[in-house]
Amino acid sequence: MREDRRADELRPITIEVDYLEQPHAAVLYSQGKTKVLCTATIEDEVPRWLKSSGRGWMTAEYSLLPASTGERTQREASRGKQGGRTVEIQRLIGRALRSVVDFETLGERTVWLDCDVLQADGGTRCAAICGAYVAAARALDRFGLSKVLTDSVAAVSVGIVDGQPMLDLEYTEDSTAEVDMNVVMTGDGRLVEVQATAEGAPFTRELLDELLELAGGGIERIAREQEEALAVA
Amino acid sequence: MREDRRADELRPITIEVDYLEQPHAAVLYSQGKTKVLCTATIEDEVPRWLKSSGRGWMTAEYSLLPASTGERTQREASRGKQGGRTVEIQRLIGRALRSVVDFETLGERTVWLDCDVLQADGGTRCAAICGAYVAAARALDRFGLSKVLTDSVAAVSVGIVDGQPMLDLEYTEDSTAEVDMNVVMTGDGRLVEVQATAEGAPFTRELLDELLELAGGGIERIAREQEEALAVA
Amino acid sequence: MREDRRADELRPITIEVDYLEQPHAAVLYSQGKTKVLCTATIEDEVPRWLKSSGRGWMTAEYSLLPASTGERTQREASRGKQGGRTVEIQRLIGRALRSVVDFETLGERTVWLDCDVLQADGGTRCAAICGAYVAAARALDRFGLSKVLTDSVAAVSVGIVDGQPMLDLEYTEDSTAEVDMNVVMTGDGRLVEVQATAEGAPFTRELLDELLELAGGGIERIAREQEEALAVA
Amino acid sequence: MREDRRADELRPITIEVDYLEQPHAAVLYSQGKTKVLCTATIEDEVPRWLKSSGRGWMTAEYSLLPASTGERTQREASRGKQGGRTVEIQRLIGRALRSVVDFETLGERTVWLDCDVLQADGGTRCAAICGAYVAAARALDRFGLSKVLTDSVAAVSVGIVDGQPMLDLEYTEDSTAEVDMNVVMTGDGRLVEVQATAEGAPFTRELLDELLELAGGGIERIAREQEEALAVA
Amino acid sequence: MREDRRADELRPITIEVDYLEQPHAAVLYSQGKTKVLCTATIEDEVPRWLKSSGRGWMTAEYSLLPASTGERTQREASRGKQGGRTVEIQRLIGRALRSVVDFETLGERTVWLDCDVLQADGGTRCAAICGAYVAAARALDRFGLSKVLTDSVAAVSVGIVDGQPMLDLEYTEDSTAEVDMNVVMTGDGRLVEVQATAEGAPFTRELLDELLELAGGGIERIAREQEEALAVA
Amino acid sequence: MREDRRADELRPITIEVDYLEQPHAAVLYSQGKTKVLCTATIEDEVPRWLKSSGRGWMTAEYSLLPASTGERTQREASRGKQGGRTVEIQRLIGRALRSVVDFETLGERTVWLDCDVLQADGGTRCAAICGAYVAAARALDRFGLSKVLTDSVAAVSVGIVDGQPMLDLEYTEDSTAEVDMNVVMTGDGRLVEVQATAEGAPFTRELLDELLELAGGGIERIAREQEEALAVA
């Protein structure tokens, strides 16, 4: 049973917007013990299939640093390939961010979002989306491209742990959850992506509805944190 | 606009249960022009992390044959790695099938589900799940292990095309859909996996509910087709 | 000892010419239990070394589906490379087919021949050549390029099993053969490729001659089946 | 010309010893704008060639985060292999650290040192060695293994820029240096590794001597910083 | 037209049996300008599938040194994989040599045959087989295992160049040959492997017979050279 | 203790300048039992980053033949990647040779230096540098580009074995050395690269000086051998 916060409460969030000097933008996003370094780099090039289209691209890469998890995770560069989980997560981050981009306004540029997990305690893919949005907003603003983003975007995990719906699972909760769900929403409360998975037994529509409700409340609060962090920077 | 069937109608389904003689089970699952060959192989071994646990494993692999799509897709074996889409899909198939498996009853065995798309016209991941369930059921039955499966499982795609909710998208519909959603459910109507993605603009909760409704009806009909195909075999 | 057919008899052959609707041509070639899906795709591009040469190219890829063999064979895409046997076979198929192509008439196009073995019971490389010829002929005909092929081409395996020359080995025969030989010939009876291998003891010239004779008879019959299948289509 | 510090002066150093909570030790080592996150993980396993030897092992991995450099560097995990420069650097870090390890006292354990460069402004391999030493010392101390380290170890870069010997090159200096040299020394002033490279014209023995002198002074000061950081932690 | 030797004449052969001191055997085999370094290494291990079988294994690897060909060939180690031609050739060499091995007499040992082409002027796979036999014989003899080889083995290329059958093609002949054939035979004149390929037009049985005749004569002479080289060593 | 030569004596050197006929230059460089085949190939192309710069490039690749070492070393092409040691060595060879190249005089050409170790008995990277210089000089001379090289370059290993400084270590010495050092110098006695590594305990400045002295004497003698070999060729 969760003791240090309510079932519908988020972990404490801190967003360090200009954490490094050299990248176009570098955000250290922390939610509880989960810490993700999200950088944005804007390049004056597009993938081949967009050449001469007048439109740009935004893409994400995700990585767990080897010691970010309790036991050491083997470095993917030394194994020679990205694992299935990594691929799945970075595709999700990319889709989530692209949902709030106006590619015509971006023009023929590529925005690279690199999300490197320094410390993992559950919810890293959601934290990566939240931090990557701030990094993208910051970098685009610096390049005079702030109109590229049509809204903000954030994500949160919810799940059923010991039969109870809970918001923002940490690792020990996540690993025993019966249902695990990640929800991505825009700042104005619309859905971008819903991924719900029965880890143990299948679940009902009522439960899905309850979890979506819980997620909506969490994302609203995260969206405010993102806005404040960008306002100060 | 869809002309040959209603918005809430599935494409014609055929399930050839014993399509080949040598595999433990080989099912040719067709839904409209989409055709997936699903085989199941039962091995008396488990991955290392399950040794001496008394429990088994079930895993899936997915592949598009090069000419299955309109233009030829490069063979992943000759590119030297599986693409991100393939990895994402085969992880989904594996999770979907594992949700109806009792691993203690399976014992220390691995069930391999191979889903090779012979022809792709939208909905291949859902067709793969539907066919893989039939293959798994058939192979387990042959090995006297029919109690391993606790329920049936099936999947269907739904989406918003030209502003209208539609069931079982074919390729031309899928490629212009504003929202694309895959739903996996058990035979008794509970949810196993929900993956909804805004391809264009973000979407509302009402729309999500409408799509879930549509998917539920489709899966019910597919579950009956699966049952009949297995009953005859 | 072979009981269901004579030593110089082929297994039953069926050739489904338009097995799928989407590829330029898709042929399901069965010889006994061996079943190979052969597709042909014609692209308006040539490899770099043929650019501006006025000449085209034809190339083949071959793969065993994981469950096509008795025990499951690991998928080459997930191992990250094609095995030596695969490479050797697909090079043979490509050479065999190119021997009946007039590349000037083809023009700057590439014909891809994909041979995916759905079920393997010996003789898969020969079946792939026989099916790939039909697929190539069918696809070229559809593109008004039927003059590209200067002759038909077919292949058959022969071998010495228990001291006796035999035509068209199935798996159990092949795995105990003392000599294993694959012969590729054109429709007019000339040789394209001869590959004879002593699996056990070396063999004599007389034996080689006897095997070539046997192969010649088999290929003549296959060539007639190919012709009929194309005539009907 | 260097304006903000003397030719024999180091950039400001900060060492955050317990930067993260989950790894056995996590040190954020900064020297000017160069920032390297160094973690140490102690595993109760050794590589195969040390099994039953009673001796342990220490090894290092190094990586540049994509946005750590001015322009984005492609992620090695997505390229599928570690580049030559990475391999060379992580071998150097490993050798440097092993020079102060008593492997019998360590026993059959492996110490993994992961050095991830968050921001690169010259001297990253030296910073990685300096930070990795602190991380190793901290983790070993926590496991009651502080006697494993026989001395401290640190490294610094020196070079000839515009004809003048300089200590601790930043990126703009490094990229125009005529001679580039990395020196690794123990806390008691002995040499562990010397790597001097003529980037432009070859150089004389006198110059080598002068650079070694300069490096010695720098390393002495770094060693004091390391000691203080560990004393406080 | 060939001017410096008759159509049925071999190029000059030299076999340096103990070319290097460290390998178990190292043979520099030269035929005209083609030079292949063939080494044999005997290891006291067998592949997994032969463990506890009482039988050994013999396998070959083949490589072209980058500058061995006229234009530089990219190194396969730096491309990250062996090409199809390499794989095909090393499988041929292995099969050829295994045809004269008594694996029970060898016992649970592996003989590695490494064939590195220092200079390539046609016929490298045949030269590799000829040299590898000498290296294997020499190494086995040194280990008191000379009874492992039941016969000698050699290979030669033949072909049709400008309509004329020719023995032992050099590169300029090989690249214009209409038919290209490699024949492997034992010292007592039996066939081990026949690989005939129509490079241009298909060919007749009569021609195949003529080429086999020519090859037989060549191999007889090579077998004598092998025997003499081993006698002297 | 070294018995067949003095501590400051080189092993016998032989340099066969035109060892092969086909490469632009092929040098067999032997120092004691260490034998390295060094070839140079000049291509009329440059890497992308030098296009239209008027400048050329020189690069090296290094490989151990599998049987060159006592026990067989696995072929890197069959493992699918070059090991860390190989990468480190070929980068060193490239840097060493580039230090005596005038890239403007070379023009937009690439010189490939391939160093394949036929037999390894210590000092292979130094032998590769010495032989590669001769190969480069020979090939450039043949192309009328002898002014591209501004000086000669050579390398030698030195080390502390049983407490005593020694020149040109062979394998048994190298594997027990307390300090291992490779020095690269030009013909006029200037330093190009110094790499000193404490294998056991760290070492003093005095010792470093002594080793540099020893290396200088050795390189002077090698430079004379190189000059003579080129003069004769």
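Letters A, B, C, D, E and F name the chains as they come in the text, with residue numbers starting at 1 for each one.
Note that in this section a contact is a pair of C-beta atoms (placed from the backbone, for glycine too) under 8 Å apart; a residue touches a chain by one contact, two chains touch by 3 or more.
What you see is a predicted model, and the numbers here were worked out from it, not measured in a lab.
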Task: If a chain touches chain A and chain E alike, it appears here - done: none
Task: Those chains which touch chain F and also touch chain B - done: none
Task: Relative to chain D, chain with the most remote C-alpha centre - done: C
- [ ] Specify the chain most distant from chain A by Cα centroid.
- [x] E
- [ ] Name whichever of A-D and A-B has more C-beta pairs touching across its two chains.
- [x] A-D
TODO: Over half of the contact pairs shared by residue number: find the pair among A-D, B-C or A-B that meets that against C-E.
DONE: A-B
Open item on the list: Since chain A and chain F are copies of the same chain sequence, what is the angle of the rotation superposing the Cα atoms of one on the other, rounded to the nearest 5°?
Closed with: 120
Task: Whole-Å separation of chain centres (CA-atom averages), chain E against chain F - done: 32
- [ ] Provide the C-alpha centroid distance between chain B and chain D, rounded to the nearest whole angstrom.
- [x] 50
Task: Gap in Å, rounded to a whole number, between the CA centres of chain F and chain D - done: 28
TODO: Quick one: which residues in chain C touch 2 or more of the other chains?
DONE: 80-81
- [ ] Record each chain of the ring in the order reached, setting off from chain D and passing chain F first.
- [x] D, F, E, C, B, A
Open item on the list: Per the contact definition, I'd like the list of chain B residues that touch chain C in the complex.
Closed with: 20-24, 26, 33, 35, 37, 39-41, 43, 61, 63, 65-72, 75-78, 80-82, 86, 112, 114, 116, 118-121
Open item on the list: Show me the residue ranges of chain A that touch chain B in the complex, using the header's touch definition.
Closed with: 81, 84-85, 87-88, 90-91, 95, 99-100, 151, 185-186, 190-198, 201-205, 208, 212
